[in-house]
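Submitted below is the structure of interest, expressed as structure tokens.
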């Protein structure tokens, strides 16, 4: 059986845990190879607790964030890599954009998870969305590095931002992650610098679970919510 | 094996053919029971050709429309019933609304197909949407005719209106109907009064097919497009 | 040469003056027959000044409003009729809806002016929009009173509400009314009960004029703004 | 000092507790008179647990719901009345609409709380919104029962629906309800028939509290979120 | 008589043919000078068939695309130039932006045709829109190269993207191109590398034609659809 | 008592006068320190009258615009600084973005005023919005220049663009500026090069004043309108 793959494009090194940890664990348990691509370590914008330690320097913050993210990825069953493009502001050159394109072609993901189109609280998130989207389209072009295997048309799902309504993000798919919740919560716990988010995202998981139950009539405790970028192509309504 | 059911709520007696004929045929071939509920015969607004015949009267127009719709339903493999609520304007009392609720409870459909939320060219269409939606919600209430089996939470899909962008309708699901296209086209041909639409909706099928192919990387010739009302609840992105 | 016609559907008896008086005067001067249909006299919601007079009764308010509106219509060069359906709330039965349909068929208007789709300050306005739109669609149906001449597809333009942004209304057409401004302002002056609006709508005319000038590079002093309901069909971009 | 008043228009007898209980308790503690108007008892759509009791009849369900709502209102410090218009579907005649108008005029509320504009899971909620909005506008009209004191222009806030993003509802105001949370939770506990919602709405309160903290830089534990219908008029940005 | 001009800004060298070929031919027949500005040759993203030829290199692809586009422009009656900015991704420096501004000033177009604001399938298209829009605004500024003749305020129309609803694009103007359809189809045939699009865009022309007929009551076989960026300034509703 | 501060980010040197002059004067009178940051002098796009003078050169235009803006700021009671980043097109490097961040940290503003998110007539305006928003978020990050005092969460208000509906801008807050109108109008008069705007923005002030009065039931003559970016956090509905 051939390996099946998926790609997660995360602006900062912890985003994938809060927002897509359940999806990653679920597919990893099914034998998929899930690769998480972190554009930055979130070393400036999401490491307040680390910076409060006396004598902290940038290299140390990055190393700590990398280590946490690697542990989280391992718990969830994913591989992870870091582009170290900086954050607040995240800036990605066209060369690095084409590196992301290269990752698409190597991995040939069957689906892609990334950030919302908008976020007035965090400009790195929509930029990650843009990069994930544009790199995907370039990877589909026969004339980009002709001879390489082009990318098919993997669906793109946008995971839940911190304040969904302010980001014009709307859930269109609830993924039942009840069976892997424990793994997701253990991955939370590697994020020592953001302890206040553990309970926030536990409650998010429970609320989305209750909504998933109501939308399906099924018993669901924890869910992750996603917005869909492209129409679903199917022969099945269910 | 238990019977599986679906419900199509159609404002006029021909709408289900142009807009959802492929879905009906596809599921009928899979052994589902698809019931089409026509709120009116479309006797005033969509029967221009019949009215041009000398001496035509309302009863005859209705009978002709009923007959065409019954033939189309038979070709597609569906059952059909008519509420004869009138059209241009369609008007449905609360008593008839509860009749639709009763149909939901009897049929226990696993999915529902109906019109778009808006249509500036046809006010009967959004009313049919409203009735299909409200009757569904009432059918879910334990306090409506307590003791009856309540409805679960079947997803609702909105089929394509005649001028999609003007109706603020957006395709979110492409259903591959290539395998049943011939059946759909044969159903078109029962609609003698609306011959100009045969080719219009054939082209629609081909355009949506081409788009479905592009969104999936798969070979698809004909598709129907649907907007989704509720979030999809799933354990699978694909 | 055959008479050319247009129809204005106004919720209250003064709306057509503030919002479409320029368009009416412009087309009247070109020899068109413009008919204004007032669904109510605005006797409750827009006659505060009249009600402050001691001993005022409903019949007197209606008569005063009718008289003002008739004078305004005469100044603008339009005919006018009143359906006296009440206001605050305006309520129109299906019988009266079909009366509007009948007016469409008799008049065969080449364009239609009416209120915006939404107005959180005034629920009679969107209802007038709805009635104007639905009656128009019924008038197009060959099966409604078969044998009568059906209506073609006249474009519908939505005139400017009092607080445009709150009504989700957006100007898509600026009509240069500079040449008939004096007439429009004289029609304002018949509205003795709403003197505070004379200057408000003069400023509106000047603001829209300045915007029209900026969007065209032409010299325009006064304009009226309209939202378009249907796509324009043309062989000319200009 | 004159009494200050506010009005809450609730479709079913429990809605005001989950969605606006904090606002009610907060203003009641400040000496305001808050009146809750329940259009129905929610006897059909939101009383599943009661209906599961053997031999239950409609009158008993209504009585139980009324009793719960009265207890909750008392805990929160509000008065309450019931219009008993039925639910699933809620239907309100123009006579009852004018009764709501009468309540506005008697109470002269300085602000109004009600449901969202849309809710694809519950058609009674947007109808309650519509009634609260239209009755308010009629109450402002000098020509409606002339001689009575007309209503000023109280702002209208829309409380949070069960699945906010699906209802096109967006939080624009976070109200800090930390100081009255205990009262709100005690009011929850009167709703014996909807125990599953106690924790759901506790989590909602915590999530909105965390968001309120993030949007203000202040320490806030529990918040309620509201959408604003009309622009705020102020001399102060803060 | 003075020459009248229009400008078409096309991201890739074939876009103008599928999307605006009819408008170009129509105005060319009327004696206008239509200039097509191609930002790239579409050499990477839209030349799959060419790249499948053995030994193909970039220069050859560009040359082939240029040749096809020149032939198409000739058939349609337009002049054409190429900026060779690359595609997938298209990137345009501020120097090249000002070159586009210079073209606006030289040509003094009376209308402008370009791509939609959004396109999740193709990031070069919205960038072309942005460049066409920003260059136009700079060309209007008296302080940009003072002394040159500034641009007036030509309307901008957005031609139809491949998957309109996904691009948040909405038709607001239907242009009847029946009289020049043969020319447009002949221009299609120069695009040897994209034969699959010939029939796709023929069907698009027929669907828009049918819609144009329905929106006007006129007989129209083929149409192109456009979204309008700015309000139309006019003294005529028709 | 500590100094309270606010920041105004203005694309061109006159924007703050037309759009936020009232807010500035109001808060200045209350003892606040309002700082206006002009990203450019508007030397190319908004100085047509200056460029019409014979022999005019760029340096002179900038000097004239600077002088006018300094006088206006003085009248309104604000301090002002200029980044001289150019206009038509405005371009701001990441270094200058971080300079704006530095201003946020130095000033610690309690609220921020800037341009709308979109403006199809002026691409410098949305860029100013973007810069003001992104710099604010970076200023909140503990890891940006660690050790400095980070910014809290000041609300951001978007002042009124020239053609509001075309900019997808919607008023959500009306600020009563009647008491400082004379000052605002005197500030207008320093803008010798844009005399045609004096009356335009006087009318805007009166229209927004009339709307503010209607939305509040209070007597208000002049108002400025603002859109709110973030939810308001409060313990008070009024």
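We just call them A, B, C, D, E and F in the order they show up, numbering each chain from 1.
Keep this in mind: contacts are C-beta pairs under 8 Å (C-beta built on N, C-alpha and C of every residue); 3 or more make two chains touch, one makes a residue touch a chain.
By chain, UniProt protein names: A, B, C, D, E, F = PIG-L family deacetylase.
All values derive from a computational prediction rather than experimental measurement.
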item: Chains in simultaneous contact with chain A (PIG-L family deacetylase) and chain E (PIG-L family deacetylase); value: B, F
item: Shared interface numbering between chain F (PIG-L family deacetylase) and chain E (PIG-L family deacetylase) [over half = same, under half = different]; value: different
item: Chain pair equivalent in interface to A-E, over half of contacts matched, among C-F, D-F or E-F; value: E-F
item: Farthest chain relative to chain D (PIG-L family deacetylase) (centres taken as mean CA coordinates); value: E
item: Chain whose Cα centroid lies at the greatest distance from that of chain A (PIG-L family deacetylase); value: C
item: Cα-centroid distance, chain B (PIG-L family deacetylase) relative to chain D (PIG-L family deacetylase), in whole angstrom; value: 37
item: Whole-Å gap between the CA centroids of chain A (PIG-L family deacetylase) and chain C (PIG-L family deacetylase); value: 53
item: Overlap residues in chain C (PIG-L family deacetylase), where contacts from two or more other chains coincide; value: 121, 166, 171, 211, 214, 230-231
item: Each pair of chains that touches, named by its two labels; value: A-B, A-D, A-E, A-F, B-C, B-D, B-E, C-D, C-E, C-F, D-F, E-F
item: Parts of chain C (PIG-L family deacetylase) lying in touch with chain F (PIG-L family deacetylase), wherever the complex brings them together; value: 121, 162-166, 169-171, 199-200, 203-204, 206-207, 210-211, 214
item: Touching residues on chain D (PIG-L family deacetylase), where the partner in the complex is chain C (PIG-L family deacetylase); value: 94, 97, 133-134, 137-138, 141-144, 146, 229-231
item: Partner chain A (PIG-L family deacetylase), residues of chain E (PIG-L family deacetylase) touching it in the complex; value: 43-45, 47-48, 50-52, 56, 61, 87-89, 91, 120-123, 166
item: Complex interface listing, chain A (PIG-L family deacetylase) residues touching chain B (PIG-L family deacetylase); value: 6, 23, 26, 110-111, 152-153, 155, 157, 171-176, 211-212, 214-218, 220, 223, 225-226, 228, 230-235, 237-238
